[in-house]
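In this document, chain identifiers A, B and C correspond to the written order of the chains, with residue numbering beginning at 1 in each.
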Amino acid sequence: MATKASKTAARLMISPAVILLLMWMIVPLAMTVYFSLLRYNLLMPGMESWAGFENYQYFFSDPAFTSALVNTLLLVGGVLFVSVVGGVLIALLLDQDFWGQGIVRLLVLAPFFVMPTVSALVWKNMFMNPVNGIFAWLFKSVGLQPFDFLTAAPLMSIIGIVSWQWLPFASLILLTAMQSLDSEQLEAAEMDGAPPLKRFWFIILPHLSRAITVVILIETIFLLSVFAEILVTTNGGPGTATTNLTFLVYVQSLLQFDVGLGSAGGVVAIILANIVAIFLMRMIGKNLDA
Amino acid sequence: MARAITPRRKAITTVIAWTIGLLIFFPIFWTVLTSFKTEAEAVATPPRFLMFDWTLENYATVQERSNYFRHFWNSVVISLGSTVIGLIIAIPAAWAMAFVPGKRTKDVLMWMLSTKMLPPVGVLVPLYLLFRDTGLLDTRTGLVIVLTLINLPIIIWMLYTYFREIPGEILEAARMDGATLRSEILYVLTPMAVPGIASTLLLNVILAWNEAFWTLNLTAANAAPLTAFIASYSSPEGLFYAKLSAASTMAIAPILILGWFSQKQLVRGLTFGAVK
Amino acid sequence: MGRITLEGVAKRFGDVEVIPPLNLDIEDGEFVVFVGPSGCGKSTLLRLIAGLEDVSDGRILIDGSDATPLSPARRGLAMVFQSYALYPHMSVRKNIAFPMRMAGIDETEQKRRIDNAAKALNLTDYLDRRPGQLSGGQRQRVAIGRAIVREPSAFLFDEPLSNLDAALRVGMRLEISELHNRLKTTMIYVTHDQVEAMTMADKIVVLHAGRIEQVGSPLELYRNPRNVFVAGFIGSPRMNLFTGAAAAEYGAETIGVRPEHIGVSAENGKWKGRIGVSEHLGSDTFFYVEDTGLAEAVTVRADGEVALRHGDTVWLTPAEDKIHRFDANGDRI
């Protein structure tokens, strides 16, 4: 639909972005793959040597890897569960007619804008702290022992904190999707004799399915890389109880200076993320045609 | 809606919705409240709600002891800088893809998005070493570069979805009316694209402001933005609730307000146009 | 002046040939309508003339000089788009002024032309509004105003009325015809609606699958359609087309009779049938006659006051001199 001159101009306009992203993708990626095949520790400069797949063997046989993998899956799965189920419920609620809709929407959305380090510290100190936290006070005031969240149930606590950050995102997107539902569809279903629960199950939920999929895929991308929340609350511990894949690679490469091992972990993380990415890209790609 | 909702039902919904909204918002409210307490009141049991001596001294102390405004300024420079540079690169690209689509435009867009899927930890090691060797570690320039690159795909996508909504016929009309490429961009395209560009800017400033992987790993003292500065409060000696709250309030307030303004654009931006 | 000549103009998108090479002459001051079903290439052809698409082959001459390499702006043509393509951020005045601003015409002249156009198009009261505050018909007028002030050598209209409701469409049709009578500038008008083509055109170009099926005045096309496609496309309601024995009787593969050229009688005639649906419009009545053995239903136009009802048996008689005969290729015999 265009003329030749404009095609040439278009190519020129796209190329800076393409070249930058190409470099951004290829250079560090190639380096990661290369380092992952080396014996390379920053504490022993000049001692680099070819290691083949040794780093991968170490990485996979490290018990920390298994627990990091499990923790990653639990963290991602837990937050997804809370944010999608909670998000659907909140979206249903906010879609009703009530006083102060706009303000409540802003209140619900707010946590999404809180930077991860702030939310982690606020929850850790002012809510979950077994001595001074609000939860401790609540427990005591109903006659229970205060619960030391980050020691007794560290992963659950982090799932809670991260869910608080991502629930607003899911709610907002699902609410937007819900508002695009043609009300005549619901009225038709009502005329057809469907009670509210069935209307939800057969009309609203299928309508939301696409938005839910998008929420799941996008959150997964971000949740695989949860880092700051762990760093400032538990530092991966106790032991490796809250170490996810991202944090494990950070520990190995920047704390233990083992570049080779850290890179191998990085490659594994990339592969995992790509599996998710393929599904996400399909979803969005379909939307491009629409 | 054709049917009236009974006042009773509306009242019940209102109560439930407000309860849930306030519960979700409570941690933020509590942080702001605590920032005005003295340290003793901040840890008092039972917690003090409104009956305490309001004070601003925490804000003063935070600035005095840790040079808060340097970190604040770092955050501003890094988030705004990376967004503006990103826009400069992205606007022509998104414009071209939206108005002169070729056979491979879709593939290019999808590929750009795929770079966003790259987990940061996968390239942490080489980037850290590259930065160390080029002296970019702990510099604002370094962070601006990284954040520009990680947010570039989102910027391009957002702009693309906005530009695509500008009807192509209008640009053709301008061409028929004798507009050169320059005046087409200046008089027709830009005024129509400004709202989209503005919301892209807003969303990306928010994302960059809250970015907490690269900012934590690539900065130390000099270039640390607020994300990293707040993280320093996690060490035991920094454990002052009221001061932590004051620092946190200042760190989240500007972005919270920006975020509230951009909530509509947020959805399409973060879902790459898949949900509008 | 606005004489436009297409010489072997062709358009391919990749391997798909949308418009095979075609020739066409458009005289100065003519009102030419490109008509055809959707996807026939009529809009593409218009866009080739406008310069919004590159031709794959051939030349476009405007007033005798080759315009093929010229950009749209330099061809001296004005276009009215289907969506009107008004600039939403500019007032009506600025929209109309835009092409003059681009051409660097001085302010007083701009003002004079805007006032003239606004007066002619009844837009004077709306000059300071934004397009978003106008009705469909008003937007349409603004788009036309924007085209007029350029004083182009030809106007191009791309289905300009398809976004308007039926009543408004008739009104705008008249306005555009009047505009043509007044300006006497060449107009090329694309539509899929043969009524618009018949009522407005000096010359109709019937397109089908990128090919020109026939060029001629409305009445020429009506009287002497060159093939079955044109016969079926021009005229409303559609011409009845019969094949088989009824056609063989006239030595043709297909014969066509327009509804208005069939007589209907309750007593006697050539073909017997039964009335199905009938549409009483007051001035005319259209009967859809079934069970004739000729076609599913034969459309017949009769007087407004004919007293025939659903289920009545009727006899149909075609006017022998108005029967169109076509051969096996669909061409006129």
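In this section, contacts are C-beta pairs under 8 Å (C-beta built on N, C-alpha and C of every residue); 3 or more make two chains touch, one makes a residue touch a chain.
For each chain, UniProt lists the protein as follows: A = Sugar ABC transporter permease; B = Carbohydrate ABC transporter permease; C = ABC transporter ATP-binding protein.
These figures come from a predicted structure and were not determined experimentally.
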item: Higher-contact pair (C-beta pairs counted), A-B versus B-C; value: A-B
item: Innermost chain, taking as reference the mean of every protein Cα atom displayed; value: B
item: Between chain A and chain C, centroid-to-centroid distance (C-alpha), Å; value: 57
item: Euclidean distance of C-alpha centroids - chain A vs chain B, Å; value: 16
item: Chain B-chain C separation of Cα centroids, rounded to whole Å; value: 53
item: In chain A, residues with contacts to at least two other chains; value: 1-2
item: Two or more partner chains touched - positions in chain B; value: none
item: Multi-partner residues of chain C (each touching 2 or more other chains); value: 52
item: Of all residues in chain B, those that touch chain A in their complex; value: 1, 5, 10, 13-14, 16-18, 20-22, 24-25, 27-28, 30-31, 34, 43, 45-47, 89-90, 92-93, 95-97, 99-102, 106, 108-130, 149, 152-153, 156, 168, 181, 206, 209-210, 212-213, 216-217, 226-228, 230-231, 233-234, 239, 241, 244-245, 248, 251-252, 255-256, 258-260, 263, 266-267, 270-276
item: In the complex, chain B residues that touch chain C; value: 167, 169-170, 172-180, 183, 187-188, 191-192
item: Touching residues (chain side chain C, partner chain B) in the complex; value: 50, 52, 71-74, 77-79, 81-83, 85-89, 98-99, 101-103, 146, 150
item: Interface residues, chain A side, partner chain B - complex; value: 1-2, 6-7, 9-11, 13-14, 16-18, 20-21, 24-25, 27-29, 31-32, 35, 90, 93-94, 96-101, 103-127, 132, 134, 137, 140-141, 164, 167-169, 172-173, 176-177, 180, 183, 210-211, 214, 218, 221, 224-225, 227-228, 231-233, 245-246, 249-250, 253-254, 259, 262-263, 265-267, 269-270, 272-274, 276-277, 280-281, 283-285, 287-288
